[in-house]
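In what follows, chain A forms one complex with chain B and a second complex with chain C.
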Partner chain A sequence: MNLLVNGKRIQVPATVKTITDVKNHFNITNPVVIVEHNGEILDKAKHPEKEVADGDKIELVQFVGGG
Partner chain B sequence: MHDRYSRQILFSGIGAEGQEKLENKHALIIGAGALGTGSAEILARAGVGELTIVDRDYVEWSNLQRQQLYTEADAEERMPKVIAAKKRLEEINSGITIHAHIIDVTPVELEQLIHGVDLILDATDNFDIRMIINDTSQKYSIPWIYGSCVGSYGISYTILPGVSPCLHCLMENIPIGGMTCDTLGVISPVVQLVIAHQTAEALKILTEKTDRLRQELISFDLWNNQQSTIQVRSLKQQQCKSCGDHANYPFLDYENTTKAEILCGRETVQIRPSSRETKDLETLAIKLKKLGKVKQNPYLLQFTIGDDRLVLFRDGRVLVHGTNDAARARSLYHRYLG
Partner chain C sequence: MLIIGDKKFNSRLLLGTGKYPDFETQKEAVNVSDTEILTFSVRRMNVFEPSQPNFLEKLDLQKYSLLPNTAGAKTAEEAVRTAKLAKASGLCDMVKVEVIGCDKTLLPDPIETLRATEELVKEGFTVLPYTSDDVVLARKLEEVGAHAIMPGASPIGSGQGIINPLNLSVIIEQANVPVIVDAGIGSPADAAMAMEMGAEGVLLNTAVSGAKDPIKMAEAMKLAVISGRLGYEAGRIGKKRYATASSPMEGISV
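== the complex of A and B ==
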């Protein structure tokens, strides 16, 4: 399956089915991350159930502390 | 009369009128590390009339790779960052006023610092202080610009009180034990890109061209060639305690601040975080082992790096040994624990 993640076309394995799977695929353990799925910001509670499909546009923004 | 600002005045977005506005404005920069030194240099060169820079730390050799106002002599002499920064900035522009304060900023200090300030620029390294900045910004209606970077990743967001969702709306909880430049490293180009975003927004605010503000949360990874902008207007929460209808500014409350207490006669400072969450010492141990020596038992973790020794308890408390200086202890705490 192909996804457009943060402006970059990326191929993910078929085991990636939900937003949580996408986060796991990118090893995102940061608890503070905003996810936009096809132009809509998702409630964090919906990440485990929200399914992704071929061609979906996903933006993942992580809050980091350094400066 | 020099023509030092001529290229900026020629730029149609600013012009002579914008330049005059800049000369009558006051920006407060919190933190004089990588982001703070870069932003301060740009604003000083741009002719912002008054700059206040605050920081609690001194210059170290590991700063020189990216903290652009400092020299080898500053590191050698362990010069307080704001003193070294002020000296260099006055060489760059003698026509503006620069205030430097060597302090550890808590809500009390911030309330004293913000009088007459038109904009707060975030150049800090932790979310404890950012939530304090966020609440102060809302309480006194002063815009602020969040900026941060780690590794090759950077992020920035501009908050106009009464208009934008605030940082508390965007972040339901405060990350603790997160990624920092001292645990994951950082490359200078991403620092510069965050600075570029923060200072461009700063110039718009200081020249009163707020209609030109970005209004989006922007993030980028320069090593992995990714970038993202998200429109976050929908995240504004009416019930937000920092910016909602019944705001009570929880992060200005002493109970919710991270506290540092000097333990008499022990050359130790105890840091007590505001949240009472149980800490995952095992995950922390894996991260810290890459940097220094870690010793562990079921109740606590001891981390030694160079001359510094930190002992972490599961309830979140940290003992910083070898110092009686609360600011130094806080600095080490945020450096290694986020």
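== the complex of A and C ==
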């Protein structure tokens, strides 16, 4: 399956079915990860159930230092 | 006590989290500053390279109110999106509106700042717009519901201090919500001056993170803000052209 993640087109295995799977695919350990899926900002509680499909656009963002 | 929307804070120093030499220095500087509000930015994760430690993992987030900024936004729409992304973390509902209109001076775009503030207030955020020191704009931001007004003392990161005290004093005088002086503070004297003028708080980043000793400067800023506030509440004496003796003029033994 092809996904557009943070502006980069990538291929993920068929086992990646949900947003949580996408996070696990990238070994994201940061507890604060915010996900935008096809332009929709997701509540954290939705990550395990929200399914992804071929061609989906996903943004994974976090908090970084700033003033 | 600093009251922003329905939130109350003992500390009047808001601290940015950018550009510290290392995480340990940052953690200690934040700690000694006694700040209760930390600002930060929202950015894409670098998921394609090995994970690097994130500053939030080093801080006890329960101790602080988080104030995400919308830095990077050039339009109201971009600022609103960034604010919503930050809120989706479930960690904050305050936002510092920051819509930059000039890459060289990093001065805010007044029109987009006003639009973003209005929209985010409607969406239920606690909104603190970073604004230029424009008196009329400050009033309009308050009219659309801003919970605090954050005029810059001088351009971001410039360390020039308060370059237009007249405008700042009028903004403070007319405001019915807290005025927090944001950006341009360079030294403890600048922070104390802002507080003496009646600002309810000071937000700074580079003045601490870029200091030779950020930890010591964090403490200096803490004390400057406390000192300036006390001075404001105490009410300074008026300035006179000539001297007034402090010692009695009578009973001089010669």
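In the analysis below, the second predicted complex is superposed on the first by the 63 of 67 C-alpha atoms of A that agree within 3 Å, B and C clash if a C-alpha of one lies under 4 Å from a C-alpha of the other, contacts with A are read in each partner's own complex, and residues count from 1 in each chain.
As a convention for this text, a residue touches a chain if its C-beta (ideal position, glycine included) is under 8 Å from a C-beta of that chain, and two chains touch if they have at least 3 such contacts.
No experiment lies behind these values; they were computed from the predicted model shown.
Peer 1: Which partner, chain B or chain C, touches the larger number of chain A residues?
Peer 2: Comparing touch counts on chain A for chain B and chain C gives C.
Peer 1: In the superposed arrangement, does A:Glu59 touch chain B (first), chain C (second), both or neither?
Peer 2: both
Peer 1: State whether A:Gly67 touches chain B only (first), chain C only (second), both chains, or neither.
Peer 2: It touches chain B and chain C both.
Peer 1: If we overlay the two complexes on their shared chain A, which of chain B and chain C does A:Asn6 touch? Say first, second, both or neither.
Peer 2: After superposition on chain A, A:Asn6 lies in contact with both partners, chain B and chain C.
Peer 1: Would you sort A:Lys44 into first (chain B), second (chain C), both or neither based on which partner it touches?
Peer 2: Once the two structures are laid over each other on A, A:Lys44 reaches both partners.
Peer 1: So, does A:Ile28 touch the first partner chain B, the second partner chain C, both, or neither?
Peer 2: It touches chain C, and chain B stays clear.
Peer 1: Using the superposition on chain A described above, determine whether A:Glu36 touches chain B (first), chain C (second), both, or neither.
Peer 2: Both partners.
Peer 1: Considering each complex separately, which residues of chain A are in contact with chain B in the first and with chain C in the second?
Peer 2: Shared contact residues on chain A (touching chain B in one complex, chain C in the other): 5-8, 30-32, 34, 36, 41, 44, 59-67.
Peer 1: Please name which positions on chain A make contact with chain C in the complex.
Peer 2: Answer in residue numbers: 5-8, 26-36, 41-44, 59-67.
Peer 1: Flag every residue of chain B that touches chain A in the complex, lowest number first.
Peer 2: So the residues of chain B in touch with chain A come to 31, 33-36, 122-127, 147-150, 153, 155, 170-175, 178-182, 184, 186, 194, 217, 219, 221, 224-230, 232, 234-235, 334, 338.
Peer 1: For chain C, which residues are in contact with chain A within the complex?
Peer 2: For chain C paired with chain A, touching residues are 16-20, 26, 39-45, 47-48, 51, 54-57, 66, 68-69, 71, 81, 84-86, 88-91, 156-157, 183, 203-206.
Peer 1: In their shared complex, at which residues does chain A touch chain B?
Peer 2: 5-8, 30-32, 34, 36, 41, 44, 59-67
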